[in-house]
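Let me begin by handing over the structure; questions about it come next.
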Amino acid sequence: MEVRIDGLRFLRRGDCVLDVPKLVFASGRTTALVGPNGAGKSTLLRLIVALERLDAGTIRIGGEQVRPDRRTRGHVAFAFQRAVFVGGSVWHNLDLALRLRGVPGDERRKRAAGAAAACGVDHLLDRPAHQLSGGEAQRVNLARALSLRAPVTLLDEPLSGLDAPARRQLLHDLPGILRAFATTTIIVTHDRDEALRLAGDLVVLIGGRVHAAGARADVFGNPPDAECAAFLGYTLIPDGGGVLAVAPRALRIGPGEVTFNLTVEELLDFGMRREVWGRIAGVPATVSLPMGENDNAGRLTVSAPERAVRRYCG
Amino acid sequence: MDALWEGFQEAVRLIVRGDAGLREVAWRTIVVSGSATLLAMAAGVPTGYGLARGRFPGRTLVLSAVNTGMGMPPVVVGLIVWLFLVRSGPLGDLELIYTKRAMVVAQFLIAVPLVIGFTAAAVQALPAELPDLLAALGAGRLRTLWLLAREAQLGILAAVMAGFGGVISEVGASMTVGGNIQGDTRVLTTAIVTETSRGENANAMALGIVLLVMAFAVNLLLTAVQQRRRR
Amino acid sequence: MRLARLAPVLTLLLLPWAAIACGDDDAPPKTAQPQVSASSLATATLSPTPAAGRVGGTMILATTTSTQDSGLLDALVPRFKDATGVDVKVIAVGTGAALEMGAKGDADAVLVHAPTSEKKYVDSGDLIDGKLVMHNDFVVVGPPSDPAKVRGAKDITAVMAAIATTGPFISRGDASGTNTKELELWKVANVDLKTVAGREETGQGMGATLNIADQKAAYTLTDRATYLALKKNLRLEILFEGAPNLLNVYHVYVVNPAKHGGVKETQARAWVAFLVDPATQQLIGDFKKAEFGQSLFFADAGKPETSLGLR
């Protein structure tokens, strides 16, 4: 089902924290809703399940306006950022969620077991939910949402609170899990790499406004404005009245289509490769330094291909 | 030391013999304090829940009042209730003074801030996302309330224990409001006062042991439930 | 399922509630407390009290701690209930508080023992139909070592003066009849209260005050009945007794229904009639006589006030 937003405004204590004239999450696709902390991402998710009340506009799921009722919520599965559970076993928690959806007993057992297996938590079913580790809890949280097999699945920071190995593992598994279970999926994250890994579509939300929306390659390859580019990891270099945005990892040593002077500050040796950290026109920038290259210069000439550089007017 | 030992022996004798007078005072104590606790539960649990979850002007004020009430000396509550219910008081026409009902009223007022306070604390200790999670899963208002109450049940049990423990061991208010009338409003604590001032130390001791055992039994029961629930 | 496990707890708490609905204000069982004091009553051979017949209802009697602590009212109240059907709610406080309850209409009858204090309430019209009921006497008790040499003093004035110099003295300090009498005695002996060595006030009833005086090896003034009732636990001894101004006289009054609406006049009058009834009077005179070998109270109904040195 498609999620369509029109003329949405949401106020908190009189301030407009979300202003979205038009936004569509396409049916059957996975969209990453990205933006810095406080951009209004989680609020938008909460509005979609009618946990908050709109001040203006409409949100429709499959053509039906959302309401704080069972019907709207029956369309949506929501995994909150913090994995919270009721007392009792993991199984009890999965079962309760399905019971609240009115799923009959046999079906409940099948679905809970299926989702638990897909998320790699089938060995935890008898464990008390309150005793899970951070990674286990996030996976169970995910399994609970996916077992509902709702037309729309909302995941709020599904990788938060995990240590690095657990995070890497789940980041690797998640796209497969989502393909198997979810239909229309919206993932909120503040992490660009997560967004790029998990979603085909990107929506960049900054300060309560949508700065970019579209397919991953379009949005990432062509950010519409400097703020958006900065969030996506571009290096912003002042240039006359405007600004040049260089895509992440696009800088190379030596002259090229667009050339800059890098003041070297530090050389990091990782063994098989090295990285130069420095500044271009006062702006922090990083460039890889192949082994064997001259590394004692105080200044380096670096460059990027034309297609990796965007120009924005001041 | 003699009085202690004699008191203990006398207590055992009275309890083993199933002394009718002792049984009656003990039963009356359970009736009065149990009723007060039950009423305090009926009023205090929803109120505590509402205070914990609600956002309304004056909430902080109400919470502070409840916290003050939790430390309110029972004898002061007794005095206030007495001033209201005594014949020349504003509610004197109800003729409630020196009855078990008046004691229930006073003990209710002592227990209810405890129940509200403990319940509110228990509900506030729940993860803030839990109500939203249940709502998003499609639970209705009542279902959500019930599921949250179940999550907070350990705290709510603690609330009931605190309330019952507070009123069953309380003497000031019961004395003032009930009048310690033999065969009518004399409960374990006030009977202990009477027996002591009569010099019947063994009897007083027997009553004290019964009171202790009773408070212990109720707490044992509730603690057992609590421990079984915790996992 | 979890609710089911909670059921025993709920039942435990619910049961009393069901009971209280019917348990309040019906006939008070007579075995309300685990003590044996009422047994002396059984030995009294008396015809049933011929008081006012069936009256019913309840009434509040404000009285002093001495009548309660001695056990007298526990013996009288059930008999009154049998005779009239009236439930008496006995509120045992100091005489001062009892008189004040009468003056506010918070009680229906008062039974007190401080004639000088009582006069004020009779004059103001709050208390009416006073009847002389009984007397016992106050005694001065103290530690057997008797540091003030009170034993064998020639009169109460000398006793008070001697205690004032040595002390210590434990006072009720609760505006009770005993306290009132104590203050009167200091005054008669011309002793300034502030100069009494080691005088402390307990603010409690006679029983508690005796216990405290006993623990502190101090002198105190007590009514004989309470002292005798507690004697077995006390080291205190009677060191001075028998002076004419140590009489402890009890009067009963009806609270004036014309002044205070809601006073149960019928019940209060029945109570007064019961107390001065010859059968009750004999009971009072015999109360615990067998146990202590002497009377705790002397029945006085119908005697002129002057026979006790009053008025």
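Some notes on this structure:
So that you can tell them apart, the chains are marked A, B and C in the order they are listed, and the count of residues begins at 1 in each.
Assume a contact is a pair of C-beta atoms (placed from the backbone, for glycine too) under 8 Å apart; a residue touches a chain by one contact, two chains touch by 3 or more.
Note that the structure is a prediction, hence the values are computed from the model and not measured.
Judged by contacting C-beta pairs, the busier of the interfaces B-C and A-B is B-C.
Among the chains in view, B has its Cα centre nearest the centre of the complete protein Cα set. Inter-chain centre distance (subunit A to subunit C, centres taken as mean C-alpha positions): 83 Å.
Rounded to whole angstrom units, the spacing between the C-alpha centres of subunit B and subunit C is 32. Remark: subunit A and subunit B have CA centroids separated by 52 Å (rounded to whole angstrom).
Within subunit B, residues 150, 229 each touch two or more of the remaining chains.
For subunit C in complex with subunit B, the residues that touch the partner chain are 2, 5-6, 8-9, 12-17, 19-20, 23-25, 28-35, 37, 60, 65, 68-69, 71, 74, 77, 87, 89-92, 104-107, 204-208, 210-211, 229-234, 260, 262. Those residues of subunit B that touch subunit A in the shared complex are 127, 129-130, 132-140, 143, 147, 150-151, 229, 231. The residues of subunit A lying in touch with subunit B in their complex are 46, 49, 51, 68, 70, 73-74, 76, 78, 80, 82, 84, 86-87, 96-97, 100-102, 128, 148.
Only residues 3, 14, 19-22, 24-25, 28, 30-32, 34-35, 37-38, 41, 86-88, 92-93, 97-101, 104, 150, 153, 160, 179-186, 191, 194-201, 203, 206-207, 218, 221-222, 225, 228-229 of subunit B touch subunit C when the two sit together in their complex.
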